[in-house]
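One chain, chain A, appears in both complexes that follow, with chain B as partner in the first and chain C in the second.
The block that comes next holds the complex of A and B.
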């Protein structure tokens, strides 16, 4: 296929024909852009935007089990009113905040320290790096199987360890006692979540130019000072984004909580995400569940915008 | 700079120590699978079984529908990877190369989609699929997993295409390629590592799903995915920890293998676009 260039100095005016759909012309190239974007736009509308609209619509109706195409129930704020007046909702918010903070703190502390550790030069460093982030590759449901057995109430390893250490004198029913259930859940989620922090931190560490450290050494900075004034500031942007991504992950997680504790005992491990699901598929209150889900989404978006603010582009 | 012996002992000590703690749960999964029920119901626990019962893997493989679960998971994963890669290669390329009106707002929307709780989307999708009579079919997972995957892959690929110099296409077009041809014949082959990383990442995302499978397939036992099957085994009245652990090993191994062999690519994909 030959490409004709407009305004070709060798050609007479009559030979520069403008072909309407000649996508090679720079002025027409954006058309190709739209064509390439079309499938994505279509998919996003079909599987994300439209369902989202249905959710929003459901949350404003008094419906149990909806059927698409059925005549719409009358418009009402009932679900939201009920939601904000229910003590369960506020308790669930509190559990969510606690879980998000505990898991994020744990994952960041362990993730950053393991990254700093394997960032040293030593033999077998590559193997150590791969092994350190291995939990990332274990599917969530499988991680739960492992930890459910470790935290088992009759023959679990964790209770045995606690007895050995003299912290308790009997087996603990981890998953079915309110306080311990929360910590069992936190440990499981941190184990699954810290490798991501570790991987991101390591990438951040490696993008720090070695010259910075060399220059600091020349100026007589010791290891602690180099860490405080070079490593930490250079890591901050990456860490900020990572922190938000980890928080969002905990906020939205379903499988770990559902399979490990089912939100119990006494809803002490029920996050907003679990509440949304249970209201819909446990109690078949689709309207109410949608309201919980919409509120969850709004909190997610607001929280991440507030935290990253101007840096939000970095999440792309 | 050489380290003093004390420092290097300290370094190796802490690396080995933390690896031991981090990898212990994975080790414990294998040990549990290989232990007899008798060994598992006693304390103190044995950290290596006296007679490892290797046959447990064969037993679980033939007595439980593991092969079927794995096949279903693979079908759902491959299907959603193909669908979302097709869509997001085109979109990622367009967002990277062309100034498209509305491109920015599409970007913002996709960013928001990354924050969508699966438990919120699962409600309308359930209503939709039930209306279409698709509940119980693996197609539901292919579409639903794409809602999780497309936002990620589009931005990963856009970031990757941004790193490829535009001169490549320009050269191809001077040599007589159409813009589409330049993309298909020049840019895509050059981006193979990025495409592979993205596709694998998408595969891992789909394989890990539990929420959608549980909701759409619960009444269609023959279409259960691996995670759904395992979670159901855990919910049975008497949990045989060695059997469920052996089954769990089968489900975890494909992803762990992908990770071990392609760690570099996967990690590259994970961190793509999030630095700077």
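The block that comes next holds the complex of A and C.
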């Protein structure tokens, strides 16, 4: 296909043919980029944007059980009004924040520590690295079943250990007492999540040029100073992204909480993802559940933007 | 000429193949059937035998029998229906079908029953399947609880088989023991699920609630929780839990296994317990009798129906399958193979005792539960049962954790139940 352009200044009145689809021209290369990206973009629209739109649309309807192709119910903000006036929602937000903070902090502390440990040369380092990564390889549901037995209130290993250590004289109802349930959940999630931080941190540690440490040593910096002024700043870009990914994982995680505590007791381990599930599939309130889901998405996006913006500038 | 011959032969062959394919696809039909009972001992076999009979009677038609775990069942079925891809044969728990029927997703079976002249009078639990005046499903199981016990544990503790709640409590107290002196109880008087879904939690509690003369609603659907009888029922539940007479935070499946292995003295449960009992370490000594609580917990369990969004031909096939499950042959097999009480009033259950020794007991408790009008699903809260169950479970857990007075708790539950009922 071509177009004829009259009055071309370079052609002194002549007619110039410009090939619109001449993708080799430097000025047309962005079009080639768009064409190459198109399948991926279409796929994303199909599997992410469309369901998101449906979910957003459902959140603006008073609908219990929806069905594709059914006539849309009248537009309403009822679900959002109910949500923001619900004490359950605010309690769930608080539980989510607590869990995200505790699990992220625990995963980062243990993950960075183990990465620093296995970054050193010592006998058995390979075995230690494999052991460190092992929890990551265990499927989530299997890991939770193992921890469910460890924290079993009648025959569990953890209560037995506490009794033997003299910390208590009776079995602890780990998953049916609010405080212990939260910590049992946190321990399980940290165990599952810290290897990811370790692996990312280890990769970051190995990319720090040894020259930095050599120069610091020449300047008389001790180990703590080298860690504070070289290791930490150089790791920050990696840690920033890792932190966001761990945070999002805890935000979204469903299976660990569902299998271990089901969000109980008394909703003390109910996060936004569990609340969404219960409202949709437990109580068949899809409009309300969609509103919870949309609010969760907004919180996740805002938190991610804040974290990425802050951490990516932290190196220098 | 040779080329022409070859071309003609090829064209004829292609046409033949196409015609054959078209004919096959016209005759071949696959009905989707999803159930959580595929691998269940007894019930899985019963379903498979019904499928085999159906396929033998309908050449070219197959039933795709797929398992979905009970824990994920409601989610899966909701997603399939919402996406416009429901299974042809619909198998649901009797407390969850109402939401599907309310949305018009379940075929009205009245015309089908009428066409075949099937009289459902006396069919146990069938009333639960009537929704908005239409028959939305066929009841597969209406059960009565039985009480299984470990005679060795009772004898060792010097107590007899309990016949009322007071004796039951005394026996549970006498048999709950730390056998090896390590400070951990390893033999329990009874066992209840206190972890997991609200439905099972409420069913476990119902043993004590019904015995105390209470229930969630009356026959007109009015909430009847704030009563002295309910206070007594909750007090009993609190006693059993707080005194550690039951293992804590275990699912019903885990409790059944513990009982089957001889770690629990008494277990109030449905007929399905027997299949687990047979596989446990204490299988040879365990016995079954009528429950110490009265009336026995009972009620509708699961239902079968058909989706509205399928073709008329498929509806006919699904109805043929449903009729097979309702036939005298399969109603008898429901007892002999499934080990359950068949809902059909005319089912021939003679000689079933040879395979299920306590069969007469579960028939009697089924009748006792039906006579007392017992069902797990409270009238007037059918559609909101999920939300209601969760609320009751939470308030009862709060009572246990914060040691609240049951008299105060029933007031809270009453108010919240009315709120849920009012939408």
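In this section, the second predicted complex is superposed on the first by the 272 of 316 C-alpha atoms of A that agree within 3 Å, B and C clash if a C-alpha of one lies under 4 Å from a C-alpha of the other, contacts with A are read in each partner's own complex, and residues count from 1 in each chain.
To be clear about the criterion, contacts are C-beta pairs under 8 Å (C-beta built on N, C-alpha and C of every residue); 3 or more make two chains touch, one makes a residue touch a chain.
The model shown is predicted, which means the values in this text are computed figures rather than measured ones.
S.K.: For the overlay on chain A, clash or fit between chain B and chain C?
M.R.: Taken together on chain A, chain C would clash with chain B, as the superposition shows.
S.K.: Taking the superposition as given, does A:225 touch the first partner, chain B, the second, chain C, both, or neither?
M.R.: Neither chain B nor chain C is touched by A:225.
S.K.: Does the superposition put A:170 against chain B (first), chain C (second), both, or neither?
M.R.: Once the two structures are laid over each other on A, A:170 reaches chain C alone.
S.K.: Under the stated touch criterion, which partner chain does A:155 make contact with: chain B (first), chain C (second), both, or neither?
M.R.: both
S.K.: Is A:147 touching the first partner chain B, the second partner chain C, both, or neither of them?
M.R.: first
S.K.: Once chain A of both complexes is superposed, is A:241 in touch with chain B (first), chain C (second), both, or neither?
M.R.: The answer is first: A:241 touches chain B but not chain C.
S.K.: So, does A:254 touch the first partner chain B, the second partner chain C, both, or neither?
M.R.: first
S.K.: Mind working out whether A:281 is in touch with chain B, chain C, both or neither, as first, second, both or neither?
M.R.: both
S.K.: Using the superposition on chain A described above, determine whether A:64 touches chain B (first), chain C (second), both, or neither.
M.R.: In the superposed model, A:64 contacts chain C only, not chain B.
S.K.: Go through the superposed model and pick first if A:207 touches only chain B, second if only chain C, both, or neither.
M.R.: first
S.K.: More residues of chain A are touched by which chain, chain B or chain C?
M.R.: Chain A has more residues touched by B than by the other partner.
S.K.: With the two complexes overlaid, spot the stretch of chain C among 6-14, 78-86, 186-194 or 330-338 whose C-alpha atoms clash with chain B.
M.R.: Only one listed stretch clashes with chain B, namely 78-86.
S.K.: Once the complexes are superposed, what residues of chain A are shared between the chain B interface and the chain C interface?
M.R.: Comparing the two interfaces on chain A, one with chain B and one with chain C, the shared residues are 66-69, 152, 154-155, 160, 277, 280-281, 286.
S.K.: Looking at the complex, which residues from chain A come into contact with chain C?
M.R.: My answer: residues 64-69, 152-155, 159-160, 163, 169-171, 173-178, 262, 264-267, 277-278, 280-284, 286.
S.K.: Would you tell me which residues of chain B are touching chain A in their complex?
M.R.: Within the complex, chain B touches chain A at residues 8, 11-12, 14-15, 18-19, 22-23, 25-26, 28-29, 32, 40-45, 83, 86-88, 90-91, 93-95, 97-101, 103, 106-107, 109-128, 130-131, 143-144, 146-147, 150, 154-155, 158-159, 173, 176, 178-181, 204, 207-211, 214-215, 226-227, 230-231, 234, 241, 244-245, 248, 251-252, 255-256, 258-260, 263, 267, 270-271, 273-276.
S.K.: Mind listing the chain C positions that touch chain A in their complex?
M.R.: Per the touch definition, chain C meets chain A at residues 74-75, 78, 81-84, 99-100, 102-103, 105, 182-186, 194-197, 247-250, 384, 386-387, 390, 394, 397-398, 400-401.
S.K.: Going by the contact rule set out above, which residues of chain A touch chain B in the complex?
M.R.: For chain A paired with chain B, touching residues are 1-3, 23-24, 29-30, 32-34, 36-37, 39-41, 43-44, 47-55, 58, 66-69, 114, 117-118, 120, 122, 128-150, 152, 154-155, 157, 160, 191, 196, 199-200, 203-204, 207, 237-238, 241-242, 245, 248, 251-252, 254-255, 258-259, 272-274, 276-277, 280-281, 286, 289-290, 293-294, 296-297, 300-301, 304, 312, 314-316.
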